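After this come two complexes, each holding chain A, first together with chain B and then together with chain C.
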Partner chain A sequence: MKSKGIVLQIGPFTVSLESSIDSVIESVNKLYADYVLLEDNSSLFIDFYIKIDRPNLFRGYIQSQVQCYVDGKTPFKPLPLSQAYPFFEWGLNWIIASHVHYYLLVHAAVIEKNGDVLILCGQPGAGKSTLCAALASKGWRLFSDEMAIIDLESNELVPFVRPVSLKNKAINLIGDLSSDAVFGESYPETTKGTLSHMKPMKDSVLRGNERAFCKWVVFPQYKPEAETSLRSFPKGETVIELAKNSFNYNLLGKQGFNSLCNLVERSQCYKFEYSNLNEAISLFDELSS
Partner chain B sequence: MKFFVYQEVVCRQIGEDYLAYSDLTSETISLSYFAYATLNYLITEPMNHSKLLALLEKFFNEGGNDRVSMELKVTLNKLIEHGVIYQSSEVC
Partner chain C sequence: MNIKPSNLLVSGIINPAITLKFTLKQWDLFIRQARRSGVLARFSYMLEEKELLEKVPKEALIHIKSSQTYAKQMAISLQWEIQCIQKVFDQLELPLVFLKGTAYTVAHNVVAAGRFFSDVDILVPEDRIVEVERALIHGGWKSTHLDAYDQRFYREWMHEIPPMEHVKRHTSIDVHHNILPKTSRFCPNPALLLANIVKVSDKNAWVLSPEDRVIHSATHLFHEGEFDHGFRDLSDLDLLLKEFNTIELFWENLINRAGELDQQLPLYYALRYTSLFFQTPVPNFVLSVSKQWFPNKVHEVSMDWLFCRALMPNHPSCEIFGTGFARWVLYIRSHWIKMPFFLLVPHLCRKGWLRLFEQEEQD
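Now for the complex of A and B:
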């Protein structure tokens, strides 16, 4: 990426990103290296325009801040300049969650193996991104570590492959687990602690158009010293929990309800507790075999 | 007075569980089998308390009719509270 900007096809969305900030350019060049860059011409329909730049002379230079412009508007307060790249990722999350209502969106990590999708849903801190990154680094195909995008008609999961956002201890855990894992910069002192992004595996990026159906819905919970345990969870409660974690379930009304019920109907549903990532990987590998 | 189901309500069985969704409240609620049966009777046809009770007593009579009557009262209150059904004297 040069300061002029680039156009990325990220899952079903065409995103234009512009920035003159070196750290953003370097991070995008590293973490999105396997993506096909689109030619920005008049025939290309761009879903979202994002610009990450200094807000104005005072905030931008004297206070070293950065702003995220979405379609020319500024829906956020500026952040410290050091968080310029994460601001792009957070901004993109916000855009999708608040504008895209032709899919059902659930806050969850999503991965796939042998054509079957595993949805990992849980509150922040439950360990879903860590588990997702661990499985993605051990042969599972990454769909998304941020949201499940569900086609309302077909009920398929739509890949939305982007760098996996890891926090605090999870960064070293995944680094130790996989020598292939490539990380971007570390961002200390964000509202979520230290943050770093793991580059998605090339295979996941190249297969970014391959949809699949859900087979498992799992609610993980990382607990220090916990035994690895997977236990069935009622389907009715699964629908209610997924609805609580959806960005647009209420907006979609009956269509959202039926879509979620159809997805859960075809899935095995579990609560999962873990503290040992290797045991967790073995368990899910066994489940998928 | 009859009990009616709001048009905006859908209910379905999922696995071994029963759910109802109301577009009025955007709420998804879990139903017992008894509540699911009650709601399905009312979806088929709005009816008054005594007719509904008579239908339910045929299928849920293990604990005696008093228990069915008590459970129906609790169920109807819950369904009204969650915006699933309403009571009206209107003719359907």
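Now for the complex of A and C:
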């Protein structure tokens, strides 16, 4: 089958995606519908090349597997064919985290309101993507649900708007919360459980060039039955926690340290526990007003 | 700028200034070729030296600088690693001789700038190996490849003991007692190498003599079976030769030394392919002497066919008709020249069996 290629501008990165697998093309058409497709010509510089395809006849058609090619190389083991589209999203995360050392990258969800950025940082399962998707569906502007991209010179956050990946119960939770939320396919039995992607709001996509400064760094923790509570967290420890969750802090040396200190210096830092999403949304709305 | 897509990286390494005439599409491919070959950070220093770095279009520049950032951090980690190894050697009455990438760094060779590496290589006399290994274990390193077959494979046949890994830093050190496997047909006498080592700092840090550094680099590359970094390694040789070119009698010594160490063939390849690929200024008399080491014209033509393919950057855009085949033939050749037939066949059977077996487990 002939594979089709498109070039997408995703945040600050120009990405070429090639695939002959229908489910990938359909998902991209649906979830990236508001993005501008770039025309590949001699004045276009593409940052990263990804191809999602069947590895070969045997693995591709008999074992129904799919492989992610990063500029022709395969850094991963193949996955079941049904997970072809999530493989693109995971592959892109990996590429950025392992090649982009001109920004400071922190594993966190990032959203903005009235020109102020909220960084939600935490371990997988802490509920940062859920909170991020909830706020994004209630008027906050999405930057990223996966990584905070920090400009090392200005210390601004750079939007990296992509579909928000939601897992297990969070999928229905967000679906119930917002009737406007558009979801892609559902992928059961991934290593992270059932996975589905929420299409980013059109406004977030169109304003993908508007950077902003951080005002709040929050470490959320979802706990069943927990009371909604926001507690102040020391700035020094916030720097250490963000450094621990960074993909490239150790590579950037003094530059990374200064950048993180500057970011935390201008921010209010909190630990946040919640079980009720509506209460969480009201609390952050109040914080931003 | 009209350059064949497959030649973008080679052309840029020969003359960094021409890259400033590239279109953005050419930069796009150049960056991919350089990144895959592991020479993007090296290229950043080449541009910097000529004060051209800031003239690169910003789309490409961020990737070049990103690679330099990575290389700088690696260089800092390497300095720390060297100090830790020096501390271990302080207790031993033994010169600490670094090889390959680490040697280029401690000797401040041009080739060290922006060079990536995955481990530290050192050379010690074979009769002191046990002592060194014990001292490293005390210092926090442990042996890897604990499988009985692998242990025997390294200790009986190889030129190094199984790689050791630091329990905390997870860095790796290869302790060598020679530069080629004991089973290899052209295995040199390591005492000759140790007799010519050069001290390079106030602390305990030695490297092979300049000629031996070139010969070791050549021996390593032209006994290699996998060419993922072949282009980078050939560029290493180019930069070493250019740097040592100014040393008095360097070329004469190089030729003599290749004879003493039984490494004339690898040196012939090194001189031939650096001058073919990078226009390295090898004097004519050196080229004609080295040519006599290789009198068979048919063999020469076929090795050219193989190496001119295998040594190109390991990127799809640099592959031509026969590249995959050439790399496969050279893979077989590397085993062939490193191990005699009666050892090779069982070894390859075992490797093949394990590959099948492990593959099944993965699936």
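What we mean here is this: the second predicted complex is superposed on the first by the 286 of 289 C-alpha atoms of A that agree within 3 Å, B and C clash if a C-alpha of one lies under 4 Å from a C-alpha of the other, contacts with A are read in each partner's own complex, and residues count from 1 in each chain.
Just so we're on the same page, a residue touches a chain if its C-beta (ideal position, glycine included) is under 8 Å from a C-beta of that chain, and two chains touch if they have at least 3 such contacts.
For clarity, every value in this text was computed on a predicted model and none was experimentally measured.
In the overlay built on the shared chain, the residue A:Gly72 is in contact with chain C alone; chain B does not reach it. Of the two partner chains placed by the overlay, neither chain B nor chain C lies in contact with A:Phe213. Once the two complexes are laid over each other on the shared chain, residue contacts for A:His99 go to chain C alone; chain B is not touched.
By the document's definition of touching, both partners, chain B and chain C, reach A:Asn250. Using the contact criterion defined above for the overlaid structures, shared-chain residue A:Glu237 touches chain B, although it does not reach chain C.
Contact with neither chain B nor chain C is seen for A:Phe183 once the two complexes are overlaid on the shared chain. Of the two partner chains placed by the overlay, only chain B lies in contact with A:Cys261; chain C stays clear of it. The residues of chain A shared by its contacts with chain B and with chain C are 250, 253. Residues of chain C touching chain A in their complex: 23-25, 27-28, 32, 35-36, 57, 59-60, 62-63, 65-67, 69-70, 72-73, 76, 315-316, 362-363. Within the complex, the chain B residues that touch chain A are 8, 10, 12, 14-19, 21, 23, 26, 28, 30. Interface residues of chain A, counted against chain B in their complex, comprise 234-237, 239-240, 243, 249-250, 253-254, 257-258, 261, 264-265, 269. The residues of chain A lying in touch with chain C in their complex are 41-47, 49, 63, 71-73, 77, 99-102, 250-253.
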